[in-house]
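There's a structure below that I have some questions on.
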Amino acid sequence: MQDDTTKASSQVLVILRHGPHGSSWLREGLDAALVAAAFGREVTLLFYGEGVTALVEGQGAGPLGQKGTQPTLEMLAMYDIETLLVDQQALDERGLAASDLLLPVTPLAPSQLAATLAEHELVLNF
Amino acid sequence: MILHTLNRSPTESRVYRQALAAMGPDDRLLLIEDGVQGALPSLVRHFGDVSGRVFALREDLEARGLAGRCDATVLVVDADGFVTLTEEADKTVSWF
Amino acid sequence: MRYALLVQGGPYSDQAAHSALRFAEAVVARGHRLETVFFYHDGVYNAARLAAPPQDEPHLVDRFRALHDDHGTQLKVCIAAGLRRGLLDEREAARHGKQGHSLEAPFELTGLGQLIDAGLSHDRLITFSP
Amino acid sequence: MQDDTTKASSQVLVILRHGPHGSSWLREGLDAALVAAAFGREVTLLFYGEGVTALVEGQGAGPLGQKGTQPTLEMLAMYDIETLLVDQQALDERGLAASDLLLPVTPLAPSQLAATLAEHELVLNF
Amino acid sequence: MILHTLNRSPTESRVYRQALAAMGPDDRLLLIEDGVQGALPSLVRHFGDVSGRVFALREDLEARGLAGRCDATVLVVDADGFVTLTEEADKTVSWF
Amino acid sequence: MRYALLVQGGPYSDQAAHSALRFAEAVVARGHRLETVFFYHDGVYNAARLAAPPQDEPHLVDRFRALHDDHGTQLKVCIAAGLRRGLLDEREAARHGKQGHSLEAPFELTGLGQLIDAGLSHDRLITFSP
C-alpha cells in the first residue's frame, strides 16, 4: 500500500479537519506543522473532511477583522512544507475543484488514507 | 415565528436535522459561522424542506471565500440583516 | 428593543465570542439597547483579565469592555461556571483562600437567575455557542 | 397545533441535547432549569437527540469518581419540574424504551416539536 | 497497527466516518466517552466494516448505564486494557 | 515504555481532561513512565491556578499536580495557546505589563516544539480532545 505521493521518510503528519474562522483548530494545527518544520522535521499536511475548505481561494477577514489562516498557508513553502494532501472526496462533496484552491495540492483517494497514516512516525489530528 | 441559527456544516454534524425537525411552517433558518458551508449548491439539498426560508450570513460567507459560491435559493443577509431577522422573530433559538 | 446576548464559547477557541461581538455592535448601530451580555459554559473565559492575544489580533476583553463603557451593557458572568474554570474576582478569591484574582470590573460574577431574568424581561435573547 | 402534554402557561423550555459525563452541557442545562424553577418560573424539559441518554437507568460514577447528573435528575420533582418531554425518535434510534428510563416521561413525536418551542416564552438550548 | 480512539456518537457527529475511512486492515477502534453510544446494538452497524476490531471502554459504558446494553460483537476493555491497546499499537490517533 | 499525553479539552466543559487523568493513572499503574503531559488548545485551561470546583467534585489541578509530584511527570502548557486564553506565569505577566499571574509551577509554559519533541522521542503519544 506504499504510495508515491508521500515519502516513507516523512516524519510528521498533521491532519487538518476544520475550516478557517469557525474555530482555532486549523490555526493551531498549522502552528504545530510550522514548528515541526522549523525544528527540521519533514512534515506532511492532510486536509481532510471540512479541512479542505481551508484551501478555498478568496478568503476574507473574520468577524472582528482578524486576518484568518490564509497568510499562514501561503508561508508553508517557506518552511519547506511541500506535501499537501487533500481529501478528494471532501472536495467533490462540496463541489470544489483543484482550480478553486489557493495552493497546488495532491489529491488523495480514500484508499490511500490508511497507508498515509501508517507511514508517518507521528500523526497529529486537529 | 422563530428564527433558528445553525453554526455547523451538514457534512460534519447532524445537528442540522434537529434544527429542521424543530422548525414550524413559518420559522426561518439562518446559517452562521461554519454553518454557511450548507449554502453551497452541493449541500443546500439538506435544507430542501425549508427552501425559501434559509438565510446565510454574508460576512461569514466572505470570510470563507464562499460569497460567490452560494446557492441562488439562499437569502444572503449581513450583520444588520441578522439583527432585523431577530427583530421580526418572536424569539431566536440557536443550534450548535 | 432591549436585547440580551448569551455567550457560551471561549475566546479564540471558536467563533462564538467573535460572532457575539459583531452582532452586539450591529444591535447598537440599529438603535437598540444592548442591556446584558451573559457568559455561561466556556463563555466565562471571555472575562479572563490576563488575556494577552498577539498585537495583530482583536482583543476580545477590550471589545466587551467597550460595550459596557459606550453603551452601558452589563457583562454578567455565571459564578458557578466561573469558579469551576478559575474565573474569580477579588471577593471570591478571598473567600476561597486564593491569592490574586482573574476577573475584574466591568465583568461581574452573578447567579444563573440573572440569565433567566434577562431572557424573560428583555425583548430578545440571542445565543452564541461553540 | 396546541398540544395537551405541555401547557401554554409554561414559560421556560430547556432543551437538553447531551448525555451525562461527556460534557458539562447536560449539567449546565439542568442548573439553568433548576434556577428558573427556584425563581418561580414554570419549566419544561425536553430531552432531545442524544439528550435522551441522560435518562438511562443505572448510571455510575465518572472517570474520576464524580457523581454525574443522575442525582440532579432525581431532584426535579422537588423543584416542581414535572413536564419531562422526551424525543421518541431518539429513544427508538437507540433501542431504548420508557421502562429503561429513571423517570416517568412524556414521549414527544417529531410533529409536536415546533409547537412546543412556539408556546414557551423563553427557549434555552443546551 | 494503529489504535484509533473515537469520542463521539455516530448519531451526532459524522467524524466516525473519517475514522473508519482512515483505518487500515489491522487497525483497531476504541470507543471512549460519548463514543461508547456506538456500542449499542441499534447503532453498532455503523462500525460493521471493522467488526471484531471495535473496542469500548468499560468505565465509560458503566458511567452512562450502558454496560449491560453493549452489543456482543464489541470487545469491552477497562482503563488498564486501554493502556494495553496503546502498548500493542505502533501509534494512537484520536478522532473527536 | 515512555508515554506522553496531549490534552486539548478544558476542565469541566468536556471529558478530555478527566479521561486523560484516568488514563495517566492507569499508565503509571502498569509500570510505564509518564514523562510529559502537554496542554494545547483549550487544554491549557487545566493549568488555571485559581480553579475552585465544588468540594464534592474532583480537583483537576490537584490531580495533575500529583502526577508531577509522585511520578515526575512534566506538565507543559503551550505558551502561545496560553497567552491568548489568559494563562500567564509571573514572568509572562510582567513581560505583558499585567499584575498577577494565572499559572504556576509545576505547570510550565513552553513552546510547541516540546510537543513535537515528545511525540517523536517518547514511545507513545495519546491525545485526549474535546
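Quick notes
Chains here go by letter, A, B, C, D, E and F, matching the order in which they are written, and residues are numbered from 1 within each.
Rule of thumb we're sticking to: a residue touches a chain if its C-beta (ideal position, glycine included) is under 8 Å from a C-beta of that chain, and two chains touch if they have at least 3 such contacts.
The structure displayed is predicted, hence computed values, not measured ones.
Among the remaining chains, those touching chain B and also chain C are A, D. Where the sister copies chain B and chain E meet, the same residue numbers recur on both sides for over half of the interface positions. Using the mean of the Cα atoms as each chain's centre, the chain most removed from chain C is E. Averaging Cα coordinates per chain places chain A and chain B 27 Å apart. Chain centres here are Cα averages; for chain C and chain F they lie 26 Å apart.
Multi-chain contact residues of chain A (touching two or more other chains): 21-24, 49, 62-63, 121-122, 125. Residue positions 12-13, 15, 19, 22, 41, 57, 125, 127, 129-130 of chain C each touch two or more of the other chains. Of all residues in chain E, those that touch two or more other chains are 7, 11-12, 15, 33-34, 59, 91, 93-94, 96. Pairs of chains meeting the touch criterion are A-B, A-C, A-E, A-F, B-C, B-D, B-E, C-D, C-F, D-E, D-F, E-F. On the chain A side of its complex with chain F, the touching residues are 11-12, 24-25, 28, 31-32, 35-36, 38-39, 41, 121-122, 124-125. Every residue of chain E that touches chain A in the complex is listed here, in rising order: 2, 15, 18, 21-25, 27, 90-91, 93-96.
Across the complex, chain A meets chain E through its residues 1, 17, 48-49, 110, 113-115, 117-118, 121-123, 125. Taken together, the chain E residues at the contact with chain B in this complex read 11-15. In the complex of the two chains, the chain E residues touching chain D come out as 7, 9, 11-12, 33-34, 37, 40-43, 59-60, 62-69.
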